[in-house]
Structure formats: C-alpha cells, structure tokens
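Note that subunit A is present in both complexes that follow, paired respectively with subunit B and with subunit C.
Up next, the complex of A and B:
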C-alpha cells in the first residue's frame, strides 16, 4: 500500500507577481483520505486545478498514478473523479440529463446514472431541472458526477460546502466508506479542521501557498499536548510557592499551569498547596485542541 | 470526437435555441411574399435577393453570433468548463464540437430559409421552374461565408464569460453592413458582409462588392476562416479554467 497515487514536485503557481502556490510536494498514498487543509486563499483550489490540468503549473511536476500529467493527461483523467470549488451544472437540464452528458464522455453505462443518484440521495429529484435545485442539492449532483466514472482517485474541493448538518454527515460517511469498499484514494480539501479530524488519515496543511505540515492525522494530534490547570484562591502566592519548590509552574488567566506530568507529581503539588492552606477549587487537564495547533501553524489566520 | 459531439448535442437539444432558428426564415418568407416581382424577368433571383436583404445582411450574422454565444453560455453560467475539461476529453475536440454545432445550426437555418423561398414562390405562382441549382449555390455560399464569422464569434464567446458582450459587439459590427456591401474594396473582407455577398446570385447587374468574383470571395473567406479558427483554437488550448 505504499504506492503513491499523487506526487507533486516543487509545484508552483504564480499569478502575475504573487505566488498562489509555492514549491508544494504533495505525497498521497493509495487508499488514503488526504485532508488538504488551509485558510481561505491558501492555494487549495489552485493546487487542485493544476492537478486536474485545468491550470498550468508555473513550475514543478505532477505525477498521478505514476504518470506525468503533462504527457498523459487524458489517460489520468479517465481514472479521476473531481469536484472543484463550487458544483458545475447545466441549469436547463434535469439531474439525470446532466449526468448523462458526462456519462457519454466517460463511456460509462447508463445504469451508472441511477446508481450515483441514489448514492447521493437525489433519485427522487432526478427529473427536475437543476436550475431549481438548492445549493446543497447541486453539491450532491456534483459529487454524483465525480463518482460517475467509477474513479480510482477522487479529488473533492470543499465537498460539504453548502450542505446541511445531515448532508455533511452523509457525505463524510460516504467519503470514509470509499477507501474501504473500493480501494479509492481521496483528496479532500477544506478549511475546517474539525471536519478533517473525523475522516482524514493524512493531512497536508497549506498556508499562503506553502505546505507547512504534511503527515498522518495522529502525528498532528500528538502535537496536542495537554497541560494541567489549577485554580486556587490566592493564585499569585500559590504560584510563587510552587516556583520556590522548583516546579515549572506558569501563571495565566488567574490560573496556574503545569506541564503534563505523572499522577504522583500532581498529587504532591496539590498536597503542598493544601499544606500551605491554599484553597484548591479546580484541577483539570487542558488539551490543546487541533484547532489551536492549526491556528499556531497557520499564524492565526485559520478559520473555525 | 463522436462522444464529445453527442454530449454537446444532448446539452443543446434541451435548450431554447430551437425557437431562434425559425425567426429569420419566417421573416424572410414574409418579405418574399410581400415584395412585388410581377414584371421582373428573373423572379426567383429577385425574390432570393430581396429575402437575402433581411436574412443574410442582417439575421445571418446576428444568428451566427447568438449561436456561438449560446453553445458557450451554459458552460459559463453553471461552471461547466471546469467539469467538462476535467473529463478525459481533449480541449481541441471540445472546441471543434462547439464549432460544429454552430455550423449545424446555421445549416438548419439555411434550409428553413430555402423552404421559405420555395413556399413564397409557389404562393405567388412563379411560372419559371424552381432553380434548384441557384438556390443550392446560394445556400451553400451563405453557409460557407459564415465560417470566418462563426470562428471569430466562438473565439470571443469562449474567452468572455458574459453572454451579452460578444453579442453587443456582433450587433455593432453587423449594423454597418448596409454600407459595406456597397464597397467593392472592403465588402469582401468584412466577415459580417460576406454571407450576403455569397448568397446573392451573381451573373446579374450587381452593385458594389457584388461584382467581386466568387473565387476572390471564397479565397478571402477561407483565408480568414483559417486565421480566426486557429487563433481561437490555440487560445482555448492554453486557457486557464
């Protein structure tokens, strides 16, 4: 399972003078759900457009299924399903005809249309003109279109955009099920870390066009080290007392913080506090959330 | 290529464009019925010339622009380009397919125009036999003369996501047609005037650019067609979506 499905080398896109994407080395293995994360304007869509051959890289190379995109674009695209930015549709056609126009290009059987419509739960709306669809329904249609050709690689740019909570859940479950059931590899972009946390196996974080983190989701979680927060009545005196005993205590927000330590250490600290007649109100473990890490990594520009 | 054409045709078939192809033939038909050709010796020639004034001088250039804008419009408004071009199809084939659709629509319009002409002649009881050859030459000539304009308009329509802008430009360039067809010097080189020049039967006393021989006209038409088509084609190959 170590075969690289997507590999980019120094991938760069420059618009006039500004770099939208700079020296990105994406590495996505077979069967992964790769969460491509970054705040607005980070360069996610631009990267995806280059992966699909919609835009030309200023510099760098792209290999998908081990094939050079420059030379074997059509052979690669046959095996890729995609949804870029916002869903595409033909308003004057109904959902079925929309998919049929694409099916013809993919040489897929007609029966596949009804299959993908039922996967995204649009079977009942199949005969309605798409111009009357809500954003969420168009989004589902876009996902159906991406699945139409039984792709080995799915590239989805913010696929849950515009979906209601149950729609988000459905799509997330769908995405999670695909590598298991069909061995599909998925690149899914988002600016929501919480969403990725629930489905991605690998994450790449991009900010201002640069890749600032690329590793497994566990590696990201490990950065989320916890601290112990202690709330007492006279914070400052208690803090000084702990410092005088050689503890690495910090004071912030009228609380005392200790780095993550063993249970015995904590019980000694509490013993000391009680012994010196401080009233201990609360002792709790404070985990740094992935969100905090994301904000740290992206320099505070991330959104929630 | 066949796949792309079938897909394009499916998208076009369900659109409202089909109403438009009847407009010009219908109006030309009314002109053909209305104009008096009673004492003229060549009634068919005269009728086709009268009808060409409205059809070829005005509507054909306008429709060429509308058809071109139309086959690109549903890609522009629904974000269709990025979906279409991320499919395993070559950009060249997509461009050619769109162009062929435009040519097909013009061809249908031409056939309807001919039906209008023949119907008008029958209604007015022209005693001469229907001059099939002349009609065929006129229709085909008009259709071929639309090639450069269609190539130009599809280029503009692909490049511009607005539906109205390419059309407005087309209207602006179509309006001076009346004057330009009178000029022997400019007429044959003006893509908007070429359909009219090619459709009006030669061999009678023409005026202005109508004295230009068919050979010259065809040469100019094919030359400019190749130039416009290749420019648009290469532009589309490189376009960032």
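Up next, the complex of A and C:
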C-alpha cells in the first residue's frame, strides 16, 4: 500500500513574473482519497494541469505510476481519468454522443458508455442534447467522461463546484465508493475543507502556490484539539499561581487557557484555584474547527 | 489516426458544416446556371469551339473565392467546437498526442473540402448535360478544375486551422481568411510567388502543376509550423 501513485518533485509553474505554483512535493499513495485544498487562486488548477500534461512545469518533475510524465505522458494518461475546472462538453451532441467521441480515443468498448452513464445516473437523459442540461448534470457527465477509460487514478478539480447540497452529497458518495470498490486512487481539489473532512484520507493544503500542509486527515484533526478556557476574577494572579505550580497555562483575552488534559487534571487545577480563593466563573472546552485550522494555515484568507 | 478522425466526425454531427460543404459547390453551379441561362446565346457563341471548356473556365473562376471562404469558415467552425466549452483540456488529457489532435483537425478540414470539390465536379457535369453541351465530357479538365485549386490552396487550409485552433477569438482568423479571399480575387496582378495566386493556377510557366506543387509544399511547411506552435503552447 505504500506505492506512490503521484509524486512530484519541486514542481513549479511561473506565469511571466509570478509563481502560481512553487516547489510543490505531492505524495499520493495508492488507494487514497487525497484532498487538495486551498483558497481561490492558490494554484490547485495549475498543479492539476501540470499533472495531466496540459501545462508544462517551469521546473520540477512529475512521476505518475512511477513513470516520468515528460517521457511517458500518453502511457500514463491511458490510466488516468480527469475533470478540470468547469466541465467541457459538446453542446449540440447528446450525452451518449459526447461520451462516444471520447470513448473512441480511449479505445474503450461501446458498452462502457451506458455503464458510466448509469454510474452518474444520467441513463434517462442519454439522448438529450447536452446544452439543455443543468450545471449539475453537466458536472455528472464530466465525471462519467472521467470514468470512461476505467482509470486507476482519478483527478477531479472541484467536482462539486456549482452543485446543490444533494448533488454535492451524491458526488461525495460516488467518490468515496471508488477506492473501496475499484481500488482507484483519487486526487480531488476543493476550496472547502468541510467537504474534504467527509471523504479525504489525506490532505494537502496549498496557499499562494506553496504547500503548507500535507498529511493524513487525522493529523489535521489533531491540530484541531480542544483547549480548556477558565474565567476567574483575578486572571493575572491566578495565571501566575498556575505557572508557579508548573502548569502549561496561557493567558489571553482575560481568560486562562490550558491544553487539553484529563478530567482529573482539570479538577486539580480548579481545586488549586478555589484553595487560593480565586472565584471561578466559568470552565469551558473550546474546540477549534477544521475550518479554523484551515484559516490559520492559509493566513486568514480562506475558504468560504 | 483513424480514431481521432472518427471522433471528429461525431463532433460535427448536426453542425452547419455539412450544409456549407454542400452550399459552396451548389452556389457555384447555381450561379453558373443563371449565368448561362441568362446569356445562353452570347456565351455559347463565345465558347463555340468548346462549350464544356467554357463552362469549366467560368465555374473554375467562381470556385476560387468559394473555396477560400469555405476553408476559412470550416476551419473556424471545426475549431470552435472545441473552443466553446474549452474542450481542449478534456481532449488533451486523454491519451492522444497533440500531433494527432492537430493533424486530425487539419485532415478533417482537408477531407471536407475534398468532398466539396467533388460536389462541384458532379454539379458541373450535371449542369453541362442540362445545358446540352453533349456527351463528350472532358473529364481531365473537370478533374483539374475541381481538385487543382483545392491542392494549391493547402497553405490556406493549414494557416486557417493553425490560427483557428490557437486563437480562442475567431474574429482574427476569420478576418485573415476573408482578406485572403479578396486577395485571391485580385491575384492576377500578383507575382507568381504569392500564395494567393496559386489557386487560380496561373503562372509564368503556363503549367498549373507548378501552382499545385507550390501549394502542397508550402501547405506542408505551414502545417508543420502550426503543429510545432500548438505542441509548444500550454493548453488553455
């Protein structure tokens, strides 16, 4: 399971003077759902374009399935399905013809068209011109197109963009089911951490072209550990007293904060405070959400 | 290569392109029908010696601007199918090389214009019979009239495909194509080396094969330049 499906080394893209992507080292293992997160303009799409060979890196290398993209691009792309930014389609053709035009190039059997149409639940709309489709249907058609060639790696750039909650849920369930059922590895980008929380196993967070976090979703959750906030009458004295007893207390906002500890530990702290005649007004647990962490990591300009 | 063409043929289903392929030659034949219909006595007198050659000459002259305009429009329409929803990114993320994609579009345009030229050939034969020019059909002259200008126009097919594919805004290739069409109409004044003169097949050697050869060689060169440019650029 430790086989790396995608590995980039110092991947960089520069547009005239500006770096859109700078020294990105992506590492994605087989069977993972890798959530590629970042605020608008962070460089997600630019990275994905380079992974698919649509844009040439200014610097750095890309290996997919252990193959160098520079030299074996077409061999790699045979095993990759993708959806980049908003969906592309041929509006005058119906859904079936749209997929047929792509299927021929993938050398997939004709029967595969109906298979992928039913996976994305478009079988009943197969004969309608795609220009009359809703955005959600077009998005689903794009995902069907990505699945046509039975890919081992799916690269989806904001696949839930513009979908309503039930559409988002549907796509999310679809994505979650893939690695289990078919052993597919998935890279999915988003600017919403909450969306990733419910499907990703690994996350990479990119901001202003730089990778600022890459680890398992659990590791990210660890960062979201709660703190205990205590409100007392004489904050400063109480804080000094706790420090003198060797506690890792912090003072902020006229409150005392303790790192997350056991119940016994908290009860001892409260006992000490009461013993020294401080009035304890409130003791509460403050939990940081993943969203807070994301905002912190990306320096405030963040997800919606 | 066949698969990319098959894919491209699916994409032009129900498009105006097919109508244009038919409209071009039909327009030329219809105009000649009117021309000969209105001035039958005069024209049959002028071309008394060889009625068929007269018809072929008149039609061939009209066919040049139709060809130049037609190739401009078709190259643009074929490219626009991909531009509309930026399907380039979807297409080129498939296991197909840019070489095959570019060559496919070029071949598709060339093939459609070949079909169009063939329609012209058939249309003129029908018109000739209709005008009672006799059963002695000069096939060689007809073939030359239908296909030589087409082959001599290869540089323009290659140029228009290149421009239409690499530019999202189709106004630029369309303007260039239309200006080219106008230039080809005044080309009798041009020196022989100017490509706009080649479809007229007139040259100092008085041999249309020179024009055809220039066209094919220069067409290949522009195709290669276009291909290199397309392969070099990032996909939008």
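The working rule: the second predicted complex is superposed on the first by the 253 of 304 C-alpha atoms of A that agree within 3 Å, B and C clash if a C-alpha of one lies under 4 Å from a C-alpha of the other, contacts with A are read in each partner's own complex, and residues count from 1 in each chain.
As a convention for this text, a residue touches a chain if its C-beta (ideal position, glycine included) is under 8 Å from a C-beta of that chain, and two chains touch if they have at least 3 such contacts.
In this text the structure is predicted, and so the values were computed from the model without any measurement.
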First, second, both or neither for A:97, with subunit B first and subunit C second: both
Touching partner for A:72 - first (subunit B), second (subunit C), both, neither: neither
Partner chain in contact with A:265 - subunit B first, subunit C second, else both or neither: neither
Partner chain in contact with A:292 - subunit B first, subunit C second, else both or neither: neither
Overlap of subunit C and subunit B interfaces on subunit A (superposed complexes): 49, 52-56, 74-75, 77-78, 80, 82, 84-93, 97, 100-102, 104-107, 142, 145
Interface residues, subunit A side, partner subunit B - complex: 49, 52-56, 74-75, 77-78, 80, 82, 84-93, 97, 100-102, 104-107, 130, 142, 145
Touching residues (chain side subunit B, partner subunit A) in the complex: 3-4, 6-7, 10-11, 14-16, 74, 77-90, 238, 240-241
Complex contact set, residues of subunit C against subunit A: 3-4, 6-7, 10-11, 13-15, 81, 84-97, 234-235
Of subunit A, residues touching subunit C in the complex: 49, 52-56, 74-75, 77-78, 80, 82, 84-93, 97, 100-102, 104-107, 142, 145, 149
